[in-house]
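So, here come the structures, one by one.
Heads up, the next two complexes both have chain A, just with different partners, chain B and then chain C.
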Partner chain A sequence: MKIYVKVFAYLRQKYPHVNDLNPLELDVDENATVEDVIKKLDFKPEEIHLILLNGKKVSKSELLEDNCTISLFPPIGGG
Partner chain B sequence: MNYGYMGKWLKVNLSSKEMSDFDFPEDILRKFIGGKGLAVYYLWNYAKELEKKGVDLKEMDALSPDNVLFFSTGPVTGTRSPNSGRHHVMALKSPLTGSIGSGNTGGTWGAKLKFAGYDGIVIEGKSDTPVYLSIIDGKPELHDASEIWGKNTIDTTKWLQSKHERKRAGVSCIGPAGENLVPCAVIMNEIHRAAGRTGLGAIMGSKKLKAIIVDGNAKPQIAKQEEFETKVKEHVEKLKENGVTGEGLPTYGTAVLVNIINQNGLFPTKNWQTGVDKEAENISGETLTEKYLISKHPCWGCVVACGRKTKVELGPYKISFTEGPEYEAIWALGGTTNVNNMGAVIRANHYCDIFGMDPISIGSTIAAAMELNEKGLIPEEDLQGLKVEFGNPDAIVELTWMAAFRQGLGYWIGEGSRKMCEHYGAPELSMSVKGLEMPAYDPRGAKGIGLNYATANRGGCHVTGYTIAAEVLGDVDRFTIEGKAELTKTFQDFTSVVNSSVNCLFLTFALGLDEYAEMIGPVTGWDVTTDELLKTGERITNLERMILNKLGISGKDDTLPKRLLEEKMPEGASEGQIVELEQMKQEYYKLRGWEDGIPTPEKIKELELEI
Partner chain C sequence: MSNLSETERKKYVRQIIMDNIGIEGQEKLKESKVLVVGSGGLGSSVLYYLASCGVGTLGIIDKDIVEYSNLNRQIIHFEDDVGKSKTQSAEEKLSLLNKNLVIKTYQFELNSLNAETIIAEYDFVVEASDNFETKFLVNDTCLKLGKAFTIAGVMKFEGQIMTIIPNSSACYRCVFSEIPEPGTYPTSCELGILGTVAGFFGIIEANEAIKYILFNGSDLINDKLLVNKILYVDLESNLFDIITIQKNEECSACSTAK
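Up next, the complex of A and B:
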């Protein structure tokens, strides 16, 4: 199935052209989880602090849906 | 003398031009620490004195000589403890809100005030002609400021440093906006750092005080030097290892929040009509870093360095050097206005810095004007041909300088959104609490921050209790209202400790109450526990609230704009949400020991506030 991935902050060092306006399109298996995508994109698990699936906070074991969008964030803060 | 403090506060009466030193007894220092806490203690006593003289505090004009400014550092300020170059400024009454005046700022000025020999400065009365104050090597002097009256913050700062032959002296000053008594005016230091909210710059302007320059070589004494050095090392290590303070903030600055807040659907857009900005990527921290960043710029003693030196290389908003903008400024000038043009945002933010205004209030008020105009509520003649429309970059740039100089519609922008929206007959379009424009998080997408906005003493403010750290950046469920009263109270009381210490709130991404006890203990020699600190934070929050009550503010004012309580978020990751404020608020009052926003006699006694 097809999914879309957006990466933010220093995760972009690996994918400089992937952003909110230009998500990465990926083909994944039916039973793929967020963790599979993280591996596929060659990120270390500890690099990923927050995951949103269609805007909802989820864990790494979350199953993906066809056409979903995952947003991956490292630890960030501000104010 | 008490360790950590210089042991001297300066009182300046600008009406009589009298100056005198004073201090606080040790038990008061321990009960209120410094910074915000000590300022609140001073303001409480000052308010009681005014009442005795027959001044009606509810009716008092914030720009009258009766108002008072308190520039305040704490025992940690100016020590080797990380990020301790900050200070707090307070006033009894804000010209923007009518509530208390309060602002916390970075830069170097706080540390340098201590090096000049003082812990704080109280400014009373009003001068007939422009003056500035210098404190160099322990010697305070008032000087004629007619030569710098009218100058922007860059020229003022440079003129003072050159006049006193102190290139690195700290300068706090107002720009033309403060002189013109614009209620959104700020007090700037080091040109680009602001005690930025509640209109403190207009109070300084009303007193005809243009600037305070400080410098010297004195140092606060540390009670337990060896223990202190060990803890400093440990704390710096923790800050370096933490993903937020060690990597996120140094690399991208605070603007790194634009995308994450927008992805969560709580990035207020088009004057809070929605929480999704489809082009927020263009004003994100990543874009700022890639296209506009020159270098990082830390405050004094900072190991994080979230500050940005920036430029705009091309186009109509070209500028070869400025600083910022911070996340909140980007959002206010470029997000809620739906402008999404980083060049224009940088230019408007630069005007805020050099003319001395709060970009959060200015940007939010411009967005409110855009919605008023969308609804046809601003007469043609008031617009003077300017397209005050969502998405128009020229509108934010033009209206920002017009606000500083009170030109045309800019007059109303500078007055803030509450007065402007009342003037144009649609008060519900002001997205403010207690008259202070709310910052960059729509509480429909994080309920705790809504409770914090509603109850924060200075009004619509995020840094009074930054629950976003738990609700959006951490693991707490952002939509539930359960547990949010306690979360908000804890954040607010802890923040009171930080702002009284005084150091940078961003430390709290990596350091908790334990570490604050480990800082304040060895610096002062007091055997402080985390329980004592949290109680101290609670005491400060309550005494500040008691001042609000004297100003006529209570439970009726602890609320949110109707839009957030009644209009469901129309789209995005927070779709369908409103803020269920009342239930959270009643639980919060119970936890606080307040009735209708007023501390009960039992609570006042428990916190030893029968003073």
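Up next, the complex of A and C:
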């Protein structure tokens, strides 16, 4: 199934063309979870601090649905 | 009888004439006490704007000394302040900016032993530190004491901010759960931070504090503030997102708060 992924802040160093307006399009298996996508994108689970599925906060074990959008945020703690 | 002097009425006239501030709102600002945790990139603009809008008492807590590497973004500190404590440097500027302002400084780190005593003295807390340990400590302590607060984080060209009103909103821990393991994320020392980005988020934090003081008790307060919302901004591409968030019923901080 097809899903869309947005990555934010320094996660974009790996995907510099991806932003809020230009999500990454991915093909994933049925029953895929957020964690599967994180691995597929070559991020470590601990690099992700906040996950949104269609704008709502979810955990890494959340199942994905066709045409959904996942947003991945790293920890941002500078001041 | 108003508690505002004639000079104060002149200084704040552009706010007093606003229909949703007025003399009454200006008096609320004068009577309010706000603690600013950190006088760095975020804290500098927070402090300038809270001082200049007429907040009566500002607490500043920071253990650090001014360094040259701070000066690109920490605009309350000048070159001549390098080597001086940040609290002293900030106090000197703010007392020149606003002679009516009461300033209380704490030149040490906010920690689990002193946080409750210090935060208890204030009406609102602006979390403007540069580390997750302090952000989570402020979150947990403010929830315990029932104090509203705003909390921001910045990196490179981007940042995020949310405001928490205990009992009625999602907290920082509802969203971010646990302090990330050191070493699993880069710090702003490693990736950098642009002064305008820190300043932008500091101004939003100050604006949240001002609105809380003015509109606390109003039915519309959750709509006016970044409550149950995260503002996420990428200033490299000028992308602004408001992310709706919900209270986590299993959140360890919310469930232990009063």
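In the analysis below, the second predicted complex is superposed on the first by the 76 of 79 C-alpha atoms of A that agree within 3 Å, B and C clash if a C-alpha of one lies under 4 Å from a C-alpha of the other, contacts with A are read in each partner's own complex, and residues count from 1 in each chain.
Heads up, the rule we're going with is that a contact is a pair of C-beta atoms (placed from the backbone, for glycine too) under 8 Å apart; a residue touches a chain by one contact, two chains touch by 3 or more.
Keep in mind it's a predicted model, so treat the numbers as computed, not measured.
A.B. asks: Let me test your reading of the model: by the given contact rule, A:H17 touches which partner, first (chain B), second (chain C), both or neither?
C.D. replies: It touches nothing on chain B or chain C.
A.B. asks: State whether A:K44 touches chain B only (first), chain C only (second), both chains, or neither.
C.D. replies: second
A.B. asks: Quick one: is A:N54 in contact with chain B, with chain C, with both, or with neither? Answer first, second, both or neither.
C.D. replies: The first partner, chain B, only.
A.B. asks: Between chain B and chain C, whom does A:A9 touch in the aligned arrangement: first, second, both, or neither?
C.D. replies: The answer is both, since A:A9 touches chain B and chain C.
A.B. asks: For A:G79 in the superposed arrangement: first (chain B), second (chain C), both or neither?
C.D. replies: A:G79 sits against chain B and chain C alike.
A.B. asks: Name the residues of chain A shared by its contacts with chain B and its contacts with chain C.
C.D. replies: 8-10, 19-21, 49-50, 52, 55-57, 71, 73-79
A.B. asks: Which residues, counting only chain B, touch chain A once they are in their complex?
C.D. replies: Touch list, chain B to chain A: 242-245, 247-249, 251-257, 259-260, 262-265, 279-281, 284-286, 306, 326-328, 462-463, 466, 468-469, 473, 478, 505-506, 509, 572-574.
A.B. asks: Considering only the defined contacts, which chain A positions touch chain C in the complex?
C.D. replies: Against chain C, the touching part of chain A is residues 8-10, 19-21, 44, 46-47, 49-50, 52, 55-57, 71, 73-79.
A.B. asks: Once bound in the complex, which stretches of chain C touch chain A?
C.D. replies: 38, 40-43, 128-132, 135, 152-156, 158-160, 175-176, 180-181, 184-188, 191, 193, 198, 232, 234, 237, 239, 241, 243-246, 248
A.B. asks: Touching residues of chain A toward chain B in the complex: what are they?
C.D. replies: Chain A reaches chain B through residues 6, 8-10, 12, 19-21, 49-50, 52, 54-57, 71, 73-79.
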